[in-house]
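In what follows, chain A forms one complex with chain B and a second complex with chain C.
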Partner chain A sequence: MRKISSYIGLSAMIALFVAGIAPIAHLIAIVSIKGIQVISSNFPSYLFQERALPGSSEVGGVGPYILGTLVLVAIASAMGIPVSIFAAIYTTQSIRSRVGPVTSTIVRALIEFPTIIVGLTVYGMLRWLEAVLGLLGIQSPIPRFSALSGAIALAIVMLPFIYTQTEESLRGVPIHLREAIYSLGASRIAASMILVRYVRASILAGIGIGVGKAMGETAPLLFTAFGRDIYPESSPRMLFEPIGSLTLAIYNMGLSGYSNWVDSAWGAAFILLAISIGLFIAIRILSAR
Partner chain B sequence: MGRKMARGEMLFRSFALSNILIIAIVAVMVILLGSEGVMIYIKEGVSFISTSIWSGARESYGILFALGGSIITSIIAIIIALAIAIGSAVTLSELAPQSMRLFLSSLTDLSASIPTVIYGLWGLYILAPAVGWITREWIPESVRSILGTPGSIGTSLLTASILLSIMISPFATAMIREALSSVPRSIDEALYSLGLTRFEVVVLKLRYIRRAIATAMMIAYGRAVGETIAVSMVVGNVVNPEFWRILSPGYTISSLIADQYQNAESYNYMVPAIFGAALVLFVIGVMINIYVTLITRGQRL
Partner chain C sequence: MQSQRGASIEIKSLRVWLGQREVIRGISLSIPSNTVFTIMGPSGSGKSTLLRAINRILDIYPESRVEGSVYIDGVDIYSGRIDPSDVRKMIGMVFQIPNPIPNMSIYDNVALGPRINRIVRDKKELNELVKWALERAYLWDEVRDRLGKPAGELSGGQQQRLCIARALAMRPRAILMDEPTSNLDPVATAKIESLITELRKILTVVLVTHNPFQASRVSDYVAFIYDGRLIETGSASKIFTRPESELTEKYVTGRMVS
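And now, the complex of A and B:
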C-alpha cells in the first residue's frame, strides 16, 4: 500500500516537471519552425529591408531593428562592462574600504529592480538634465528618446550580472594563491591583473550573461530608445535620435494584429532565440573550465 | 621605481570611481522615483491607489485596478510555479536517471535566458487562444458570470498568471534544487534506514527545506510583479475595476506603464501618474526584499 502511494506521489512529481518543461520545449520548437519559415522564404532581404506596409502580402524585413540592437548593445557594453569589472576588482581587493561592501549590497538590490523601472528612471534623469541645461540655454547632449538613452538603460541592466559574477569569481580564488602573489611584493594593481587573468573564463561568462540579458530586454527601452521603424539617415546623428530594436519590434508587431507584421515578429523572435541559445552554450562551456 | 608604484596605486584607487558611479546611479534612481512618484499623490491623494480610473482626457488617474491585477496575477502565478518547481526539483535531483540530468537541467536553465518578449509572443498566439478555447468549451456559464470571460483572442488575467508561472518556475526550481542538495547525506541515509519509501523521504526532505522554499517563492513573487513585456502582451490591457474576475482581461502595474509609453507625454499628468505607479511597484519590491532578508537572517536553510 505504501509502495503504491509512493509510486503515485513520485509520478505526480514527474508529471509536474513535464507540465513545466513542455511549454518551454513547445516554445523553442514553434519559434524555430515559424521563424525559419519566415526568414528562409524572404532570404536574404528579411535581414536588410525595412518593414512592409501593414496588411500587405509582403513580410518585409527587420534590418533597422537588427542595426538598432547591435548599436544599443555595443554602446551599453562599452559603458557597462568596464564599470562593472573595475568596481568588482576594487570591492574584492581593497579590504578596508567601506565603498566595496556598499557596492555589493546595492548591486544585489539592483538585480531585483524591475527593468521597466530602470528605463523609466533613466528617462526621468534625462528629463531633469534637459530641464537644467534648458535653463542655461544649452541643448542636452543626451536626448531622452535616443540610442544613447537606451544604451544607458541597458548598461544599468547588464551591470549587476557582470559585477556579481566578477566579484564572486575573484573571491573564489584560493587564498594561498592570493597570498603568494602579494608576498612577491606585487602592487594591488599588479595583483588584481594577475587574479583577473586567473579567473578570466568566469568573468567572460559573466559578460556573456549580462550582454545576453541586455540584448533580450524590451521594457527598459520603451521610455528611452523609444523605437523606430526606418533606417537612420546618418551614422553619428542616429545616436541622438530614437532607435528601434529586435525586442521592441517583436512587441509592437506581435501586438499589431496585421498578419504580415506578426509573421515578421516570429522571424525576429527566432533570430533572438538563436543568439540566446548560442550565448547560453558559450557560457556553459566557459563556466565548465 | 617609486614613482611607478605610486602610479599603479593611483590607477587602482581610480577603480573606486566605478563603485561610486554605481552607488550614485542607484541613489539617483531611488530619489528620482520617490520625488517624481510623489507628485501624483499631491494631485490625486489616496484616490490614486484606491480608485480605478485611467483617463488622459479627463486627467484623472487611480491605479487600484492595476495594483489588484498585479497582486492577483502574481499570487496565482507563484501557486502554479510552486507546484511545477517542487516537481521539477525533485525530478531533477532525485528521480531522473543520472545520464539525463544534465540535459534536462540545462533545458530548465536555458529557459531562464530566453528573452521575455519571446514568451510574450508565444503567450499571445499559442497560450492565449488555448486558454480562451478551454474557457469557452469547458467552463460553465454560471462560473463565467462570476469570473468573467477572456478577450476575443483569449487574453485575460489568468492567461498572464499561467505565462508568468512558466517564466518564473525555472528560477524557483534552481533555488529549491540548491536547497535539496544542501540536505546532509546523513539525514537521507537515516530516513531510508527507517524503512521509509522514496516518496516519504522526498516529502520529509521538502519539509526540512520549507523555509528555503518559502524564500524562493517570495523572490519569485517579486519577479512576477515586476515582469512587464510578456504580461503586457497577454493580459488584455483593459481597465478592469473588477480585477478579481480573473478570466477577464485586465492590467497589471507594469503592463499599464508599458502600454502607455507612446502617449504619456501628450497629457499633463500622465507622466507623473506613471511614476506614481512605478513607485508602488518599487515599494512592493522593497517590502519583499526586507521580508526575505528578515526570514533568512541567521538560518542555515
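And now, the complex of A and C:
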C-alpha cells in the first residue's frame, strides 16, 4: 500500500514538473529554432544591418535594435544598480530611522506596478520638467522621447528587484557577524561595505533578475525611448534622440503582417533570449567566484 | 609592540531595556585596569547585555535603550559627544559563537579592524601587527603557513582564538569576552583560559560566564548578577570562599538551578 501511494506521489510530482517545465521548454525551443534559422541564413549581416523594406524578399537586420537595447540597458543599469543597492543599504543600516521601513514599502510596491505606467510616469515627469524649464527659457536636458528617458524608465523597472534582493540578503546576515564587524569600530559605511561584500553573490543574483527584467520590457519604452529603426548619427547625440530596442522591434515587426518582418522578429527574439541567457550565465560565474 | 596600560571601567546606575523589558536594573560596578573581571550569573540574568553596554554594541539593536553611565578612564561613553565606533575601537569584543568572517582569509580577518580604521601606515606595519596579534592569541604557529586560507576552515577553538587576535589587532585598552568558551571542548577552553590570564598584562579583560569554575580559575574580581541586579562583587577569592549573599553562595556551590 505504501509502495503504491509512493508511486502515485512520485508520478504526480513528475507530471507537475513536466507540466511546469514544458511551456518554458517549448517557448525556448520554438524561439531558438525559428530565430537561428533566420539569423543563420542572413549571417552576419542580420546582426548589423538596418531592417529591410516591408514586404520585400529580404529579411534585413536588427543592428540598430541590438545597439539600442545595449545602450538602454547599460545606462539604466548605471543608474538603477547603484541607487537600488544604496537604498537597500540605507534602509537596513538606518537602525532607528522610520524612513527605512517607508522606503522599503514603497520600493517593494513598485514590483506590482504595471510597467506601462512607469513609462507614462517618466513621460509625464519629463513633460513637466520641460514645461517648468521652458518658463525659465531653458531647454530640458532630457527630451521626452530619448534613450535617456527610456533608460530612466528601465532603471525604475529594475530598481525594486535589485533593492528587494539586496535588502533581504543584508537583513539575512547573522547578528553575530554584524556584531563582529561593528565591534571593530567600523562606521556604518565601512560595516555596510563589508556586509555587501559578504552577500555579494546574492546581490549579483538580484542584479541579474533586475537587469534581465528591464531588458525584456517593451511597455515602459513606448512612451519614452519611442523606437527608431535606423542607426543614430553620432554616439553622444543618440542619448537625446529616440532609440530602438529589440523588444520594441519584436512588438512592431511581429504584428506587422509582413512575412519578412515577422521572420526578422523571430531572429530578434532569439538574440534577446541569448543575451538574457548570457547574462544569467555571467552572473552565475561571477557569483561562484 | 610594547605592552600598554589597560582601561579602567566604571559603570554607574546602569539600566538597559530591550524593547519593553528592563534587562539591567540599575547596576554600578568598578573594574580596575589590567585585571580579569568576571561577570557571572545564571542564563537570562542580563550579563551579556551588561557586557554589550560597555562598548555600546547595544546601539546596533534597534530595540535597546540605555540609562546611566559607563566611564572608560573617566570619560562617560554615553555622553552625547562620543561616537560609539570610537568606543569600540578602544574596547574589543569576543563573542560566544566564534564569528570570523567565513569567506575572508585568516590574515584578512585579523587585518580587518586596522584596515577599516586606517590605523597602520603600510603593508609592512600591517603584517607586523597581524603577526603580533596572532602570537598574542597563541595562534601564529598553527596558521603561519596558511594565512591566505579562509577563516572558516579553522577548528572552532582556532576560530575563537582568531577572533581574539582580530580584537587584539586594534590594540584595544580592554577586551570584552562573552562566554568565549561555551562552544568549545575542554582542550580549546584551557588554551583560551590561559590566554585570558596572559592578556591582563596588556589590557583589561571583562569576561562573562555562567560557569563559576571558569570564573574561579581565571578571575581577579567577580561580580555576581541575578535578574538584572548586582548581587555581590569583590575579589575572586572572597566571592568563592566568603560570599556575603546567600544567592551567591548557592550559585558558586552549584546549588542554584540556572
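Definition applied: the second predicted complex is superposed on the first by the 253 of 289 C-alpha atoms of A that agree within 3 Å, B and C clash if a C-alpha of one lies under 4 Å from a C-alpha of the other, contacts with A are read in each partner's own complex, and residues count from 1 in each chain.
Going forward, a contact is a pair of C-beta atoms (placed from the backbone, for glycine too) under 8 Å apart; a residue touches a chain by one contact, two chains touch by 3 or more.
All values reported here derive from a predicted model rather than from experimental measurement.
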Contacts of A:Y182 with chain B and chain C, given as first, second, both or neither: second
Touched partner set for A:I243, first chain B, second chain C, both or neither: neither
Which of chain B and chain C A:V107 touches, first, second, both or neither: first
Greater residue coverage of chain A in the superposed arrangement, chain B or chain C: B
Partner chain(s) touched by A:I81 [first = chain B, second = chain C, both, neither]: neither
Which superposed partner A:A190 touches (first chain B, second chain C, both, neither): both
First (chain B), second (chain C), both or neither touched by A:I21: first
Which of chain B and chain C A:T91 touches, first, second, both or neither: first
Which of chain B and chain C A:M13 touches, first, second, both or neither: first
First (chain B), second (chain C), both or neither touched by A:R284: first
Residues of chain A at both interfaces, chain B in one complex, chain C in the other: 187, 190
Complex contacts: residues of chain A adjacent to chain C: 95-96, 174, 176-187, 190, 194, 198
Footprint of chain A on chain C - complex, ascending: 55, 57, 59-62, 85-86, 88-90, 92-93, 95, 97, 99-101, 103, 112-113, 116-117, 163, 166-167, 170
Residue ranges of chain B touching chain A (in the complex, touch as defined): 5, 8-9, 11-12, 15-23, 25-26, 28-29, 32-33, 36, 83-88, 90-92, 95, 104, 106-111, 113-122, 124-127, 166, 169-170, 173, 197-200, 202-203, 219, 222-223, 225-229, 232-233, 254, 257-258, 261, 264, 274-275, 278, 281-282, 285, 289
Complex interface listing, chain A residues touching chain B: 2-3, 5-10, 12-17, 19-21, 23-28, 30-31, 82-84, 86-87, 89-91, 93-94, 97, 99-100, 102-103, 106-107, 109-110, 112-118, 120-121, 124-125, 128, 156, 159, 163, 187-190, 192, 209, 212-213, 215-219, 222-223, 226, 247, 250-251, 254-255, 262, 265-266, 269, 272-273, 276-277, 279-280, 284
